[in-house]
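First chain written, first letter: the chains are A, B, C and D, and each begins at residue 1.
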């Protein structure tokens, strides 16, 4: 074989800064090899929609390196193995993965690059098992894909969150206040941990370390007692109290039913501290701000190397693998070793211990 | 008169980026005239606390130009006319303004520079009426002080909010989504208006234009119908539906009690749109992020000119006035013409009409 | 008349952040009135090239608000009154303004919006005199267009320059050093002045205030004598020594021919200080970095209002005028009152005096 | 031994963003262990100046995490093995390393943390060989210290350079132009490589790959021929033409002596392209802007972990080692394996090949 000649690329799942850097690198490096490149729009959905697949030329990827989002758009609907179908008795799921494979054959694809997190990479792996020549590129702002030191998008998300924390810092310091900021991370606390430490947070609450509300109160109270004029609490959206929601509610004597009424964990922690410490609390919920914006140099570089690496994998015929960063080098790992697993913050890992060494509290 | 020789400066009310630029300019320009400068800490509270007033040297204001917050710290407690006092029967208010005047006399002050918003400037005016040589500097991120084209802090707050909107834009564009962002502005919608227009918001809801929930729904629906893949709604925290909260709640048939349960107006608008349009909504609540951070060039320049201008006012004996920007020149206006008034967004002013001309909806 | 129905827009001269905001506002507001909009590419050159004029739809201006550059591209070649033509005896200039007018008539244009600085607005005015229904929008990062309080692009350029100065500040402060930064401004020193003051520059050299090299040396020496560990000098590219270039060279005894050999004034000032004060100097030449990047909130807002305002001028038939900002309101001024004039920094104006009041030296 | 009780920290060599994060982490983590911490000012010079060594408390390191520069200030003068001394016959060097060791003994130091690049780490190693309990922390924006995947400061420098390139990109794109940007890197091209690739540079010239001027000309010409409207050239300050300077000069027929007259390699490359391709070139020389500014999340996190790690090394008695990042984990390497060596860009390493895969030219 003289090497594949036609490849397609898609961006699955949630948005992450750097997607366009990857798409651009896949397209440019493949085109520079003389290959033809297709873009599948809206994640796997593009296989099922009219005009969902289009040729990508160098012109199509011009000027996108510095942009957030994805020119192919993302989607986490459209899992071909469980594609939604409306029937008389409501929505059901059906397996349309065969159509994906047919479409790839019709297009004469020699390789499909799936850029995605756990969900999309899982689909990629199943398609590979059914015979499709798939390679993966790990993507998630949450950094929870195993097998790679880091995923692209994560660094930008941390930078964005840290900059928000920096801003809170200066204003907290000129009043006497507790600032609470809720950042992304339902299952993995990487953003809260890295943005929290680099932003100088005093307390960081993450899903991997269920927190004891009393410990959080004690930590902030101790800071106040030492003369600190403010405290900054960084909360991952998935952080939970050790003994479950009820305990948190109970500690808030003044508004016993308060915790049920309020949306996020950030709000709840703020109310806890206000109630217990009679201190003014302010809450910021960053939300999707963390998914957008121009990617950092690290995410663009990583995205570019991932994109080039994925085309290399196709050239080498290493299907069923995803590119990975290991020790600052691009390598590859088998999707089967990655799919369905999560890389979580280790409660006693180096980062957490370093944070604790400089006095950060994790509510434990 | 050979001109005053001793001045003090204080920063009242909420935090605003640029406070340190003003304090630095007051100190440097006064010291360069051979004057002595004092800093009063924690707003007016510094008059009542031990060591609450300290000399400011050039060294004290070195390196602060680019920082957020205030080296003198802000406070909106400590109104000397209504100073809180704990008695057997609870907290009461007492007039301690006389002490402020005595302290200023003891210090031999020839002028007191009060940097603040409506509240602090009101106190400044009353102190002036009681004979204190006061000059004011208008400060608020909300931009609602009349008599000046703009207040410092406002530009930075708008820039911060706009950058957050920019980030939401890129991520909204790669999914099919409505993004709602709640920004500051309880009474004045300036931040929502300027950050919203400059960030490319599709709907902007401000306190000055009570919105009709149906109109918001229709606007977003119309965008969807035209093929727009996403919409961005910028909501001032003080925005309210035209017909009161109840109407909003009622429109949400699927979760009739939903609106009471949720904190901010941003959340409520998001739930409204989700309920009515079956579209995914995401909410960001920026909060105090808008009050912090390094000031923009405009706020530093304006702050510097205000600081220099206030010292000039003292030299000229124009007490009871505040500095103002008018037509890019520093002028002054009498505090009596300003205090107690608010400069609100005009529902049919140039800015709103320009926004409507390019298609922005205000829910009316 | 029922109002014009067809308008075209072009961006002349050098690049300025906010151009796309203006183009977008012109297009959106005109289209929302039911008008047809054309874009002329590469400034006036587009009138003379094939496909140089194209329809602008809302889709064409989608997503450009936050981008630098111009989707219509800029050009300062192509003055139709002096259009370059290659002949046997070399390049000559010919008047092709008639063709512009014909082309506008052929297209049925009811108005042409010219976005530009002094050069492009001058052309606009001459075309207006020849009968073309032209309106202007003042644009230059140099802020030297008279008749308007400010031009768009200027604020972003100042912000960019100030952020560079901020970075120099932190690193200068940890070494003992003089940092020199050369910013844009051949004839007008606005950027150097505003970025310099807001960045905390110690010396600011601008074209409007020819500097005495000895005074610059003395100022830096005085700072050193007072114990300052570093100094920061902001130099506009058009700054010149009072007594002409030769004097500067002569002061550099150790490298008498040195000044001729070096490119910019920034380099020359650095060599002067190194030679005279035996202090380490470092030079940054920002260059076109100041012309690019995402526009600030102020420039986007101003650009949007200018764009809407220009369409309003056309609707009102106020041709031969340009939009302007006066006292935070959009107004208009006759091009004839503006063209050929420059708004320079007043050597004894408020801004310069405020800078001097806080200790900034201008080398005089 | 119950573990060391007194440690000192110094920041040697050039400035790098993140120094304060390291100093803070050293101080906080040591103090939290109950140790006493001293700061040595101005690099090794502090050992020889009055009051050059001071106690560091938690208050001293408060609020410095987000700042550039070093609160201890840097210096690359003051090598104790070659300390400058003024004699009758001029300046000579003398070995005063013994005094450093004595001073450390007098202070009762159990460990000295040297934060520095190759120069300072070399001194640290020689002091260790003489018996001083030294640990090192690798620091350089150039990223050329071996034994660690990355040094802190590098990521911020790349981000700053990339943001400048981004700005140039937008403005280059709206004119027909070549933009040249000269970035730091005398011996190592890491900044040019990473900022260049992540900024979308078309040509990147680094010291490790001597460039052929003709190849650079050809690459830009080829882009023009393909219809590219602009090109962006990123040049490390230490980049050199393959066949030496003379060749470059010779290629510039129109100004044969031109290349000698101009300062940096950036200018020279620009003149080469202007002369050969008759295209407008613009040059930016970023200079020390790259050394300053608030550190990125990555540099703050890395700096924090390095600081904590250095204190751990002291606790473990692993002197003569420096902390290092390997595979996202903190480890340590012996200084003897690092000192005197440089980690350069490999001309055929992964990063360069990835860049070439997407079409970047290196002038070879």
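Note that contacts are C-beta pairs under 8 Å (C-beta built on N, C-alpha and C of every residue); 3 or more make two chains touch, one makes a residue touch a chain.
These numbers come from a predicted model, not from an experiment.
Think of each touching pair as a link: the shortest run of links from chain B to chain D has 2 of them. Listed by label, the chains that touch chain A and also chain B number zero. The distance from the centre of chain A to the centre of chain D, with each centre set as the mean of the Cα atoms, comes to 31 Å.
If you average the Cα atoms of chain A and of chain C, the two centres end up 41 Å apart. Taking each chain's centre as the mean of its C-alpha atoms, chain C lies 34 Å from chain D. Touching two or more other chains at once are residues 166, 169, 173, 294 of chain D.
If touching chains are joined by edges, the resulting network of the protein chains shown is one closed cycle, each chain touching exactly two neighbours.
Per the touch definition, chain B reaches chain A in the complex via residues 11, 14-15, 17, 19, 67-70, 73-75, 160, 163-164, 166-175, 179, 229, 261-263, 267, 282-294. In the complex of the two chains, the chain B residues touching chain C come out as 21, 24-25, 28-29, 32, 63, 65-66, 149-150, 155, 158-159, 161-162, 166, 169, 173, 194-195, 197-200, 294, 296-298, 300-301, 304-305, 307-309, 311, 326-330, 350-351, 353-355, 357-359.
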